[in-house]
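I am attaching a structure below and will ask some questions about it afterwards.
Chains: A, B, C, D, E and F, in written order; residue numbering restarts at 1 for each.
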Amino acid sequence: MATLKLLTDEEADAIPAVKEVFDDIRAIRKSDFINNFWRGLANDPPLLKRTWEGLKAVMAADGVLDPLVREMIYIAVSTANGCSYCVHSHTAAAKARGMTKAQHAELLAVIGLAGQTNHLVTAMQIPVDPKFLV
Amino acid sequence: MATLKLLTDEEADAIPAVKEVFDDIRAIRKSDFINNFWRGLANDPPLLKRTWEGLKAVMAADGVLDPLVREMIYIAVSTANGCSYCVHSHTAAAKARGMTKAQHAELLAVIGLAGQTNHLVTAMQIPVDPKFLV
Amino acid sequence: MATLKLLTDEEADAIPAVKEVFDDIRAIRKSDFINNFWRGLANDPPLLKRTWEGLKAVMAADGVLDPLVREMIYIAVSTANGCSYCVHSHTAAAKARGMTKAQHAELLAVIGLAGQTNHLVTAMQIPVDPKFLV
Amino acid sequence: MATLKLLTDEEADAIPAVKEVFDDIRAIRKSDFINNFWRGLANDPPLLKRTWEGLKAVMAADGVLDPLVREMIYIAVSTANGCSYCVHSHTAAAKARGMTKAQHAELLAVIGLAGQTNHLVTAMQIPVDPKFLV
Amino acid sequence: MATLKLLTDEEADAIPAVKEVFDDIRAIRKSDFINNFWRGLANDPPLLKRTWEGLKAVMAADGVLDPLVREMIYIAVSTANGCSYCVHSHTAAAKARGMTKAQHAELLAVIGLAGQTNHLVTAMQIPVDPKFLV
Amino acid sequence: MATLKLLTDEEADAIPAVKEVFDDIRAIRKSDFINNFWRGLANDPPLLKRTWEGLKAVMAADGVLDPLVREMIYIAVSTANGCSYCVHSHTAAAKARGMTKAQHAELLAVIGLAGQTNHLVTAMQIPVDPKFLV
C-alpha cells in the first residue's frame, strides 16, 4: 500500500492538470494503461508534470542511445538503489522494447559484477589511478 | 591511501599466481598498464584470479551486448553505489571504447532520472502494478 | 515475516526490562499501541532500551526543530536507504503530527530532486568548490 | 577531478543555451558564483536547463515548507546516498539560509538515528504494522 | 514474483550445465533443497556456474574465518544494501550454522551502530585521521 | 574538510560535558588519541555522549562475539554504505585487534561476494523461499 492515495481514472479526469498529463502518457505510449507511479504523483500536479516531462525527454525522445539501452541503464540504477517497483516496471519496459533473454542475462551479469567490484574497491579504499584523471 | 598494500610490479612478479593474472590482464587489454584495483586484490591471489576471470567473462568476452553498453551499465551501477574509483575507471574504459560526449551526456541524463524516480517511488511506496508481474 | 520473534504483549510483560520500556513508550506516546519494531528489539532488552532512549531524546524531546520537521528528515533518510517499514511508520508519524497533503507533496519533490542531483554529481565526480569548504 | 570538463565562464558564455541558464542562476541567487555542479551539467544544455528548472521550482519557489527545512531534507537524502559534494554544497546553502549550530546538531542527530533504525529494521525484516497502512 | 522464470527441478534437469551445478549444490549442502536464487540464475548457465563457484570458494571452503562469522558478515552487507531476500536466506544459513539468539542480537547491535555512525560521519564529512593511513 | 568545526583538545577541555567523554574514551582505549569523529560530535555534547555510550556498550563491552568479529562486521556495513572514513577507521581498529592479512583477505572476499549476489537477487526480484520464513 502506498503512503498516499493512488488516483483512479475518474479522480484523475476530474483534475484538468492531471488529465492533461495522463492523456499525454497514453498518447506517447500508445496505450490506455497508466501505471501506479503516475497515479501517486497525480496528488501533486506540478510534480507529476515535471516528472513526466523529464521522463519523456530522456526515455521517449530521439537520442544517441538506443531506447532499449536506456531501459537497461535504468534497471541497473534501480537495482543498485534497491527499488523493487522500478526494477519490475523497467524490466517490463525493456522486454516491451525487445530485450531478449540473452540480453537480460548479460545485463544481470554486468550488474552483479559491478556490485562485487564496487564493494571490493570500497573495502580496499583504492586510490584513483592518475591515468584515469587525464 | 588503501587499507592494504598495492603491489608494485616487482612484488607482483615475485608471486607466480599474481604474475600469471597480471600477464593475462596485459595480454587481454593489449596494454602494460595494471590499475590499482588489481594491485590491491593481488594480496589474495585466489580472489585476484576469481575476480579477473569473472570480469574477463562478462566484460571482455563476446556477448550479445555491445562492450560499450556494458561499460555504461557498469557506470550506472557504480554511480548508484557511490563508488568514486569505479565511476572514474569505467568512464575511462567507456571513453576508450569510443563513448562520445553525446552518449556520455545521455547516460548521465538516464542515471539522474532513475535516481529521481527511484526515490519518488520509494517515498510513495508504490505497489507493483499486476501487469508488470505477468 | 521477521528474522526473529516479535514479542506479544504477554511475552513482553513477562520480562521486566522489556515491560519497563514498553510502558515508557506507551506513556510518552499516550497510546497503547506498540509497533512491530519494538517487538523485534525486545529480544535484546539492552538494545531495546538504548534504541528507545536514543529515539526519545532525538524525536520526542523539546528541541530547536519542529517535531514534524524531524519526522520529515527521518522519512528522507529512510527513503534513500530503501527502508520500506521506516517510510511507512514515519509517514504515519508525520501525518499524526499534522503533515498536510501539500507538505507531503513538497517533501516528495525535495527527496526526488535530491535523488536526481546526487546521482548526477556522483556520475560526473564533481569536485567540491573551495567556497563550500570555508 | 570530474569525468567531464567543467565549463569556465568564458566557455559557458559562448553557448547561448548555457549562458541563459547561468544568467538565471545568478539572478535567482543574487550572486555571481556558479558552482561546479552547473559547470559539469553545461556539457549538455538541455539537461542543464531541465535540472535547473526542477531545482528552481522545488528549492527556490514559494512553497509550504520553509526553504531551510527543504535544505535540511536535501542534506538528509544526500547523506544517506553518500554524496560528499551534495552534503557540502547543501550544508553551505542551509547555513546561508540561517541554519544555527543547534539546528545543524539536531539535524545530525535525526540523520544518525534514522540510519541506525533503518539498519535494525532491515536486519530484523520487520513486517509493516497494519495500522500504518490505513 | 521474479523478473525471469525460476526453473523447476524438471526444467533444470533438462539442461546438463544446470543439472551439474544443482547436483553440486545438493552435494556440498547435503540437502535436496535448491533455493530460488539458483533457480533464477539457471536461466544463464555460465553465470550460474561462476556464481556458485565463487560462493563455494568463499563460503563453503576451509578458511581462516569461522563459517558462521562469514555468514554474519554476509548479513551485514545484505542489510546495508537493503536486500530482503539475502537477509532472510543468510540469517537462515547463520542459524543453520548454530548462530545463537545472543549472537544474533549482538550482530544486530553492531549493524545498527555502524548504520548510525556511518550516517553521522558522512553528514559531518569527517576527514580521515592521518593515523589511520599509516 | 568537515561541515562543522573539529574541536581541538583545548576547546574540548573547556567544555566539561565534552571533557568527560573524551577522558572516558582515553581511559577505555588506553590511548591519548581522540579521532576526528569524536571531535566533530563534540559540537553537540549530548549527541557525543549518547553515541559514545552506544559504541562502548556494543564494541568495547564483553559480549558473545569476539571483538575482532564485531570490527569486521562494522567494516562490512561501512563498505556497503560507502563510508570511506568508517572503512579506514574500523580497518585500523581491526588490525589493532589482531586481524591478520589472511583474515582481511577473507573478509574482502565475503564482502565482494555479498555485493554481487545482493545485486543479482535484486535485479531478478527473487521471492523469499517459504523455507526461510519458518
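Keep this in mind: a contact is a pair of C-beta atoms (placed from the backbone, for glycine too) under 8 Å apart; a residue touches a chain by one contact, two chains touch by 3 or more.
It should be emphasised that the depicted structure is a prediction, and the values quoted were computed from it without experimental measurement.
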Taking each chain's centre as the mean of its CA atoms, the one lying farthest from the centre of chain D is chain E
Given over half shared residue numbers means same and under half means different, the chain C/chain D interface is same
In terms of mean CA position, the chain most removed from chain A is F
Chain B and chain F have mean C-alpha positions lying a whole-number Å distance apart equal to 27
Distance between the CA centroids of chain B and chain C (whole Å) is 34
In chain D, the residues touching two or more other chains are 1, 3-4, 51, 54, 57, 77, 79-84, 87-88, 91, 107-109, 111-120, 122-125, 133
The chain C residues in contact with chain B across the complex are 75, 79-80, 82, 84, 87-88, 91, 107-108, 111-120, 122-125
In the complex, chain D touches chain F at residues 82, 87-88, 91, 101, 104-105, 108-109, 112, 119
Residue positions on chain F within touch of chain D in the complex are 3-4, 43-44, 47, 51, 77, 81-83
Within their complex, chain F touches chain E through residues 1-4, 6, 33, 35-37, 40-41, 51, 54-55, 57-59, 63-65, 69-70, 72-74, 76-81, 83-86, 88-89, 91-92, 100, 102-103, 106-107, 109-111, 113-129, 131-133
Per the touch rule above, chain C residues touching chain F in the complex are 1, 46, 50, 53-54, 57, 133
